[in-house]
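We call the chains A, B, C, D, E and F, going by the order they appear; numbering starts again at 1 in every chain.
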Amino acid sequence: MKKVEAVIRPFQLDVVKEALLEIGIKGMSVSEVKGYGRQKGHTEIYRGAEYVVDFLPKIKVEVVIKDEDLDNVLDVIIDSAKTGKIGDGKIFVSNIEKAVRIRTGEVDNEAL
Amino acid sequence: MKLYRKSCLIASLLIFAPSMSFAGTKFNSGDTAWLLTATALVMLMTPAGLALFYGGMSRGKNILNTIGLSFAAYATVSIMWVIWGFSLSFGKDINGIIGSMQYLFMSGIGVKTLVGSIPTFVFASFQMTFAAITVGLISGSVVERLKFSSWIVFTVLWVTFVYAPIAHWVWGGGWLSNLGALDFAGGTVVHINAGVAGLVFALMLGKRRGFRKIAMPPSSIVLTVLGAALLWFGWFGFNAGSALSANGLSGAAFLSTNTAAAIGAASWMFVDWLTHKHPTMLGGASGAVAGLVAVTPAAGYVNIIGALVIGAVSGVLGWFGASYLKYKFDYDDSLDAFGVHGLNGIWGALATGIFADPAIGSAKGLLYGNPHQLFVQLIAVLATITYSALGTFILVKITSAVTNGLRVSDEEELKGLDISIHTEKGFEI
Amino acid sequence: MKLYRKSCLIASLLIFAPSMSFAGTKFNSGDTAWLLTATALVMLMTPAGLALFYGGMSRGKNILNTIGLSFAAYATVSIMWVIWGFSLSFGKDINGIIGSMQYLFMSGIGVKTLVGSIPTFVFASFQMTFAAITVGLISGSVVERLKFSSWIVFTVLWVTFVYAPIAHWVWGGGWLSNLGALDFAGGTVVHINAGVAGLVFALMLGKRRGFRKIAMPPSSIVLTVLGAALLWFGWFGFNAGSALSANGLSGAAFLSTNTAAAIGAASWMFVDWLTHKHPTMLGGASGAVAGLVAVTPAAGYVNIIGALVIGAVSGVLGWFGASYLKYKFDYDDSLDAFGVHGLNGIWGALATGIFADPAIGSAKGLLYGNPHQLFVQLIAVLATITYSALGTFILVKITSAVTNGLRVSDEEELKGLDISIHTEKGFEI
Amino acid sequence: MKLYRKSCLIASLLIFAPSMSFAGTKFNSGDTAWLLTATALVMLMTPAGLALFYGGMSRGKNILNTIGLSFAAYATVSIMWVIWGFSLSFGKDINGIIGSMQYLFMSGIGVKTLVGSIPTFVFASFQMTFAAITVGLISGSVVERLKFSSWIVFTVLWVTFVYAPIAHWVWGGGWLSNLGALDFAGGTVVHINAGVAGLVFALMLGKRRGFRKIAMPPSSIVLTVLGAALLWFGWFGFNAGSALSANGLSGAAFLSTNTAAAIGAASWMFVDWLTHKHPTMLGGASGAVAGLVAVTPAAGYVNIIGALVIGAVSGVLGWFGASYLKYKFDYDDSLDAFGVHGLNGIWGALATGIFADPAIGSAKGLLYGNPHQLFVQLIAVLATITYSALGTFILVKITSAVTNGLRVSDEEELKGLDISIHTEKGFEI
Amino acid sequence: MKKVEAVIRPFQLDVVKEALLEIGIKGMSVSEVKGYGRQKGHTEIYRGAEYVVDFLPKIKVEVVIKDEDLDNVLDVIIDSAKTGKIGDGKIFVSNIEKAVRIRTGEVDNEAL
Amino acid sequence: MKKVEAVIRPFQLDVVKEALLEIGIKGMSVSEVKGYGRQKGHTEIYRGAEYVVDFLPKIKVEVVIKDEDLDNVLDVIIDSAKTGKIGDGKIFVSNIEKAVRIRTGEVDNEAL
């Protein structure tokens, strides 16, 4: 199995989620992260003190999938998360050795 | 220094107070109704208005402690005021310096004792709320690093040895009463006094760890704006209540107060806009407070044009104090008690000497042909600054000795004072 | 349109005002005490009550800006009111259309000038708070996308050219004064006027990006409920203060106000419960405000049964406006200034014509055998709607020209107005 | 039980009320101004002060529902009060037990009807706010697990069958009026009554899932402190308003109230400091409320020393109830309505019998040579406890039958009541 | 070394933590995630506008362990996180190539 | 490519970020986690009820890098995140099989 981690723009989450559901991905976990990259942050000013906030709010989507779904999933995420402007984010793929569904004890592909 | 008019008024009223009764002609239920209300309004300023205004500006890990300093100041002063504070300030004058202890535990005051047209109990309550907020204001200079025990000790000492004497000199029949300075509702006694004390305290306490090196984002400008709105609301009691009656003078003070606050907010935001291309809400909230401070000594003396000028300048001055002066001289007046209250207290006191309009109050300022008034105001300002700075210096030293230092440990400062002092969090949502 | 009773009263009082003095028999310190208080209460409604009520309903990234619109409205109107607003509204009548500029910068008004039994300074302050909240209400229709500069320009223009004239016609001795319509505390001048202006402004401004497509969860229903509670509190000043005295009529208005708010909250929550199987707190808060709006024109005219009916209907009506009408006609009246204030302003104005009980105020409604009153109310409603809609349309056009468009950029809208306009965050906890 | 002085006063005033009019000599606009204000202040206590005080103490997933219980209590009581509640409490006495239905829908009351020197409409509004907060207080014992429907039904039943009778006995000319017990502003009718009812309700309802097993961190001590500040502010209306006039007695009550609150806050924090080495802000806020509760029956009777003692004890007592007793006997009085209000209501009622000073009010306590007074107070306390406990027991049983059980499901409790009952979240920031 | 990532119900965290401590696991990192899966979300209603919130609050426990502890850890987590109802969550296992304790510079098994 | 996950003290984030930028790392994602380990937590007290909060706030820095940068990155993080007191945190390294830049579709080293 593969874990696909996609760091995307917060406002693209709904689109990405729908796109994944459409190709039969039934579960995922998302979390809020702060991203640093080429995209510029903003400046906050409080009584003259300026703070450059260069970490931007991003959403990390984590989805563990069967090996054979990988290309499909990557395509779908790229398609749905892309706006073409700096800051669209990245996708990272890593290997998952084992998966378990806690409720039933099912393992690996069965667990997804 | 509400010297000339109000303090004289109060002083003379106090002298005759015991002989007045409900049966007499002076008691007025309308005035009493307004002063009861005004007292409640000013009360709200400390544990709610100031607490949120300051709390929202402090970091998330210190918000509760910052609120706690205002809350504790209010509670502490409330207790000491009825025991000895009121008597020290408004007891029978001893050599123009201090009040006698005759009113210890409010003894000798009954439900029929009056000050002017209102019961003495109401007058004493009203005055108490002033003492409390004055201390509360000081906390803005020292938040995010001060020990809680030091704060309590300082509060008791400072109200006793700095606030009460000045209040006596100015309002209790002391030596400043005869100087002829104008201070409608406490520009010197409250704002210059608190601002200067804050600055001295901040210098002695030292800077917060990481000051000017790390980001110190306010926990909630939303709460700060709410706090400013509550301060604005309460300030109607502060200024219009200082007429000690419900009449046209209260009305004039009310409208001047609102006007200066509004234009103070606008001018601070405008300077923001000019210098940073963005109007900030913290600027708006701060500017409103700046305007309220500056108009405090002037509220019952100036006309609307005076109020507009006083307020417009106040926003610029507060901005200058908080966004420039502090960094220029590199001191950590954390929430700008000096930058906002000190500077605008001075400005307001002087402005009263310039704009006082005999058609509103009974005094004439520079613009109405009385340059002497401005000179008197200057004397009053300098006297307050000097006594407050010196007194605060000594009392901070004593506090430090009594509480074994003033600052929390570095580790506690890093963790945040909410957890380290109070074992609590501000928010868990 | 507080036409028949109150506005006539005020109009006549104004005529004689200059000749009255404290020495006269008319000044009343109890009335003055209550009006000072009432003014402070109404003041609180805008930068605190409305700010939180609206702020909590906007998204987390826009909460501060939403609060800022109320805050800025209050500050801006405060300034312009003492310069020209009060004079335009309450200056000497010019052809029934507008007030003269005699009170520019409050000139000619002193601490002894009265309106009825209260000082003119107090009356002017009280009226100012009404003008301020009326503009503030409009912001509910346009939050989350409007430029800050556009808001300031619009505020100045709208109070000058829409609010002041209507206030003059109704309360300042203008042409509507003689029509005999009833409006105790501003159902038409304030609520219909604001609701209609909001709708027009929203239609011209366009929808928020993603309206009805993406979730727009409120940042904090807790703050919205707190805001509603503060509005309710302040509304006692609004309605019971509109008696311009402290007496049985104020008491009747006070109790009607509370009753309608309570049953409005209950009825909105009840409709929630019926339609969604869940009573919402946003519904409760909104219903209370709906009830307060609807009872505003009626407060000093109707008995308790009238207040109960007015309030019960208001909750249903507000629900209908906010949860149905808006979606049916697909316009983005974002926080339902029209749905809640517009609709209930209309309902309240008509209901006053139905329920006015001569045992409370001095007017008779339909139920007491005077169907003509309802007709008069209808005329007043239609006149207000028409003038407000037209005036707002023109002024929004002008605003757009002056500030080079009305909307922030798409990118700013996406980022949120707190950061893009104010470079600040609402919360960092 | 405001028996001896105030209730007798009210009772006799009520008898003569219909014959009084504005033309008479008794109406007083200053008193009316203060009572209008006081009513607004007490109103604020329920949907804002108590709502935040309790809401901040509940967990993040239940904050909105907790606020909702106060809000709903206020709205519900507001409605039923003008229909039958006021009449039941203050209608013509029937055998010393209950009021007649003569004032159903406020019939027979006009703008000129007076109670003492204030309009009956104002008096009725003032009393309404007391009934509302009494129910609101009970909610503290039962939050985080009670069905919303059960709360509404309970509110209606409890005000009708427990609150209204006791209010009648004590203030409406009922049998307790002649007993001679002292209760200035509602220590027994409000606080003992609510505290005991809360305890009974909590015992019948059962504990929250996980009580004493899982961490239940408060959602926001910041909001709790703000709530306490608003309660403190409103309590000036509660206690000083209970003089039903603006005079020296109001002033005395005002100052006693503030003093007891302040020292209550200090003493609770001090016990915190002693026992846990940390002063908590929740302790400070709770102590202030404890002091306010304890001084409620005493406010217009005791001098400053009395207020200091009453307040100092209250903080310790509240701490004991909330931090010890509850765990010792293992009941889930969730936010300590009994621990804080019940215990301090009892203490305050007894303390009034000890400290009543004839120089303030017109009664003598134990310390002034009248041990009988303390005995009378004890009787009043026991009577209230007994009736409240019994009545509440029966009404909770009925409520449970009517709403098909009292508790939400386990799953709903786990998810949190904000989402499961209201489909809303408190914060989304 | 292995990284065990368990997405569990928030209310099970304390139980899972205690169970891990008992078998000698001395460190872990947890974070809040929003999970999408078979378990149904809830609906929020604001003035008639209904929002289906289908991401549910979950807790992700991340613990890096020695290879030989894997089975034990999996068993313990399954045991302690299970309620038997839909939404109990998943466990994913991946490989960790290197671990370092920042304070001391200790590496791999020593660092855990 | 390697993924370096460093769990560090919140107050060290700025230093770590600057240090990484200096060696040419141009992107990273950070998130808030709660950490359990040897470092002691604190106690919260509410009306006498004491809650031991043993999860401490930590920051997790995730950065995906080229294989050859690994040692350099580890050194830099250790250096900049270290205070020498208990609770400095850990670094874990794992393998990344694929990386994609969503905006451009660039993959692997190009995508970082």
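We take it that contacts are C-beta pairs under 8 Å (C-beta built on N, C-alpha and C of every residue); 3 or more make two chains touch, one makes a residue touch a chain.
As the structure is a computational prediction, the values presented were derived from the model and not from experiment.
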Count of contact steps on the shortest path from chain B to chain E: 2
Between D-E and B-D, the pair joined by more C-beta contacts: B-D
Same-residue or different-residue interface between chain C and chain D, half as cut-off: different
Selected from D-F, D-E or A-B, interface repeating A-C by over half of its contact pairs: D-E
Rotation, 0 to 180 degrees and nearest 5, that superposes chain B on copy chain C via CA atoms: 120
Length of the line joining the C-alpha centres of chain A and chain F, rounded to whole Å: 18
Distance from chain E to chain C - Cα centre to Cα centre, in angstrom: 52
Multi-partner residues of chain C (at least 2 other chains): 28-31, 33-34, 37, 63, 217-218, 221, 246, 276, 278, 280, 282, 423-427, 429
For chain F, residues that touch 2 or more chains besides their own: 31, 44-46, 94-95
Interchain pairs in contact, sorted by label: A-B, A-C, A-E, A-F, B-C, B-D, B-F, C-D, C-E, D-E, D-F, E-F
Chain D partner contacts - residues on chain C that touch it in the complex: 28-31, 33-34, 37, 41, 59-60, 63, 217-222, 225-226, 228-230, 232-233, 236-237, 240, 245-252, 254-255, 258-259, 261-263, 265-266, 269, 276, 278-282, 284-285, 288, 303-305, 307-308, 359-360, 426-427, 429
Chain A contact footprint on chain C (complex, rising order): 214, 414-415, 419-420, 423-425
Chain B residues touching chain D - in the complex, by the definition given at the top: 22, 27-34, 36-37, 39-40, 43-44, 47-48, 51-52, 55, 63-65, 67-68, 71-72, 74-76, 78-79, 82-83, 105-106, 110-114, 118-122, 124-125, 128, 148, 223, 421-429
Complex contacts: residues of chain E adjacent to chain D: 11, 14, 42-46
Partner chain F, residues of chain D touching it in the complex: 57, 215-218, 221, 272, 276, 278, 280, 282-283, 286, 319, 322-324, 327, 336
